[in-house]
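You will see chain A twice below: alongside chain B first, and alongside chain C after that.
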Partner chain A sequence: MGLLKLLRKLKSESNKELRILLLGLDNAGKTTILKKLASEDINHITPTQGFNIKSVQSQGFKLNVWDIGGQRRIRPYWRNYFENTDVLIYVVDSTDKKRLEETGVELEELVTDEKLSGVPLLVFANKQDLLQAAPASDIADGLSLHTLSGRTYQIQACSALKGEGIQDGLEWVMKTVSKKKK
Partner chain B sequence: MGCFGSKEKEDPEKKTEEKKYSWDKREKIDPALYTVENLNDEFVIREPGSIDGQQFIIQNCKNTRIYLFDHIASITVDDCVDCCIIVGPVMGSIFIRDCENCKFIVACQQFRTRDCSKLDVFLSCATQPIIEASAKLKFGCYQLNYDGLKEQFEKSQLSLFCNNWCNIHDFTPVTEKSNSSLISEECSLNEMFPGITDSSTSKLNISTNRGDSVVLVSLGSRPKPSLDSCFVAVFPSNSSYQVARNIVTLLKDKCVLVQIREINLTVGDLKRIFPNSDLSVHHAAISSGSVIGIELNGDNCCNVCTDVVSTLPPEEQRSIYSSLNKDEVSGETERFFDFCDIQMNN
Partner chain C sequence: MPEHATSTGRKTRRMPVQTQASINLIDLLYKITLLRCFIKWILRLVTGTCELQRITQKYKSGVCTVKIEESLQRSKFSEIRQMIEVEPEDIDAAIQQIISLKNISFDANSRFISCMKVCLEQIHGYDSLFCTIEELRVETYNSCNGNHEALLLKLWNLLQPENALKERVSRQWGEIGFQGTDPKTDFRGMGILGLKNLVYFAEVHNELARKTLLHSHHPQYGYSYAIVGINLTSMAYEFMSSGLLRTHFFNTVHGRPNVNHFNEVFSYLMFEFDKFWMKSEPENVMEFSRIRDEFNQTVEAVLKYVPSAKLSLDNSS
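Up next is the complex of A and B:
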């Protein structure tokens, strides 16, 4: 690790700041989750053309959450945001059976990228409130999460719309990061 | 740190034992009731109450008419060809993928397409509609009414006055030619959507007339017919929806509706948007709801509009502001709608 990077890392640890990267296909619900975390209105969310960033406080940590648009055309830009990521949150639309494979391929790209190696992964199986949502266990199978190696991960069922499961996911994040930083 | 395995895997299971989410407790519903798929040359009608805010899926249909007259949580339309599809108000997104030569009437929070070609869409969209890898799309303003539609908009938390139907963002623009254009105003919805008002739906009182539409039909990005424009603001009251509608309807032979929006404003916002007008009489009202802004266009528009407003009942008149000064109109209009766009995108 370069000196500059090390210093930056030490600084961010002393301030208890975390850089969280929120990725996933278009329409997965990333921005809705971000806005829900910041207790903002979720009825008028435009599909993201670039990225959104918000800082939220949680258990004494300052979470800087980066939400990057998931449209196929702009996925190649995801990698510009990988640097210094503390936690990766990957959001899946649990009702989108047609694109379960596609979302798996994108996740595979992320977890094999060197810049994200060892970064804890939280998968949100979102939109559980909807009738056709597949259970989180099916999403885990579809994404072949069990084949991940060398990485702490968790899958959490949630509904950004109802606000359920989001906090449970965050708690896992905080627990995992505190353990790691000891 | 490489700790995956038993310890990490135990956690989620433990959790589901302790914790029951609302979806773990809900009664089982057959998804097939909310799916239309694999149809050829058919006609499907779903009446109000039959979907009642559930998610819906349409896939793999050919030359089929699918008219859903109910509100919906969220919908995907995949792999359809030569279909006519009407979708009631959608609380979340409509996502159209791999479809070709289809027609839509839809109101939604988000509108998304990918890998489509030749779609005609009559749209009401609360946010900026987006298209990706899609060509030959045409858009027109939503134009529909039937019994209970207004209530379905309310249940879907969609405003009747936030329609960005012509403000399309294309993720994959091509240089030669735009992937989206406008539907000709002469098009007849009754012809484009066969059977929409025939006997099988007569009890719903369906109307495709402009004047009847729940969403006021706006000009959008089409050229304005006149050099004269006017701006009207309707301040919150119990009847502001009706007041805004009345103004547009009473003026319909003399002015066209260019655009209409509703938004929450603070006193500070109001002062910035209308720096040269004293609107202090409305300061108390703006905390109780949203302000509706209306841009109209037509010869001698400001005077015509003032005349019409003066025919309304006094209590309605008190909730209305319209630019008396022609010089103020363009600035006020621009600042109001820019403010709406900024709010929408942050």
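Up next is the complex of A and C:
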């Protein structure tokens, strides 16, 4: 009986690990969000060549957050990281109106990929501390989020720099996955 | 230490283990200090020279500076300890003060004074260079600033002299390894420091920089030249802020180091990282973080454990 109990415990422990994928165009603020989630200093950030990964504890879950570089030449490698993803976080620079279409095209490719089908999607409309930032509702329209079907999603306005909205986004993630894991 | 606790007997009051351990430690430190003072006193009697003089006679360059700094920090005179904490306004006067406080006698040919001067300048030069580096780092790239723009275009012309930049905002920036059409967003936390480093390497070591750029275009082992450069600026900055570059600067700069000495460290990292990367034969650019960390550990080990460490560009291979 003891062994069975131990095995059950191990199983439930392994269930508590989550794989989170952070994607978005270059300069969207993915690494800053990653560092904020891990409560690290954000003053010395450099562009991501390749990827960064950090493990963060939240509400008894171990979140393995993968932050993949967003420059065009790295985007073809994104799909190598799709497998077993529990939540997709897509980061948008709300001040970059010129590239709203480009970021929409990239997101469209992600949500139509089989490996990511049904994976909950959180969109961070980042850089809301800047005057020229578009409101989250405009970003949602620009990305045509309303056309998504068969997928739980949420758009969250945030400022990674000020740390505003990040926690709300994370709470949505935790709420969504605990519902799913049950 | 439980054995000690029982051996103290019943009459003495029992102290918490931690307090006893710290008392033992204090006792030990006290004995070491006493022993050190005693040895110093004997040596002074026998050789007729003080510790500082013995250091300047025995050691050269970087090691000498490190030992002098340690000795000054441990001095019994608060005036001397202060000379390490705050830069003296007049270094010559400070050295004269050391001589009179410690009652040092030496012959006129002694290199004691010149040696002490170099050491003090190296020690304080490092700290003031770090302030300058920090100022450059926090200066964010601004496309309305003419100097910033000129520097950026200079980088292009140095790396791509045969290939004119058609527009300021252009896909062409990708050829020298920026991420998008406008490099202004790529400097991030390294600010103008990142740009200055790249321009220096491209200007002073033009041939090497262009060779490195060529490697970055390799069909399999290719990487983004400028972005990797900005990541290496960050590495050099971390070495600087943690004090690890002291060994290197003390060994290579006979006095106060300046920004160009830091630029040289960057050039070294850029050139050596490229070699390291090509030798690692990475599967693709996604291996960057792993290889960067390995490279970082290699350089860090040299700076930490090799007293004669010099990060000098070796372009013979």
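The rule is simple: the second predicted complex is superposed on the first by the 167 of 182 C-alpha atoms of A that agree within 3 Å, B and C clash if a C-alpha of one lies under 4 Å from a C-alpha of the other, contacts with A are read in each partner's own complex, and residues count from 1 in each chain.
We adopt the following convention: a residue touches a chain if its C-beta (ideal position, glycine included) is under 8 Å from a C-beta of that chain, and two chains touch if they have at least 3 such contacts.
What you see is a predicted model; the values in this text were computed from it and never measured.
Overlay on chain A: chain B and chain C clash in the combined arrangement. Contact with chain B, but none with chain C, is seen for A:131 once the two complexes are overlaid on the shared chain. In the superposed model, A:168 lies in contact with chain B only, and not with chain C. In the superposition on chain A, A:44 contacts both chain B and chain C.
Contacts of A:26 after superposition on the shared chain: both chain B and chain C are touched.
In the superposed model, A:159 lies in contact with chain B only, and not with chain C.
Touch counts on chain A: comparing chain C and chain B, the chain ahead is B. Legend: residue contacts after superposition of the two complexes on their common chain; A:77 is shown touching chain C, with no touch to chain B. Taking chain A as the common frame, chain C overlaps chain B at a single listed stretch, which among 42-50, 60-68, 96-104 or 276-284 is 60-68. Within chain A, the residues touched by chain B in the first complex and by chain C in the second are 26-27, 43-47, 49, 71-74. Of all the residues in chain A, the ones that touch chain B in their complex are 26-27, 43-47, 49, 71-74, 95-96, 98, 118, 127-133, 136, 148-157, 159, 161-162, 164-165, 168, 172, 180. Note for the complex: chain C touches chain A at residues 174, 179-180, 185-186, 188-190, 194, 223-224, 227-228, 230-231, 233-234, 237-238, 284-289, 292.
The touching residues of chain B, when paired with chain A in their complex, are 1-4, 8, 11-12, 15, 19, 21-23, 29, 31, 34-35, 54-55, 57, 59, 73-74, 76, 78, 92-93, 95, 97, 109-110, 112, 114, 126-128, 130, 132-133, 157, 162, 169, 171-172, 343-345.
Looking at the complex, you find that chain A touches chain C at residues 26-27, 42-47, 49-52, 70-74, 77, 80.
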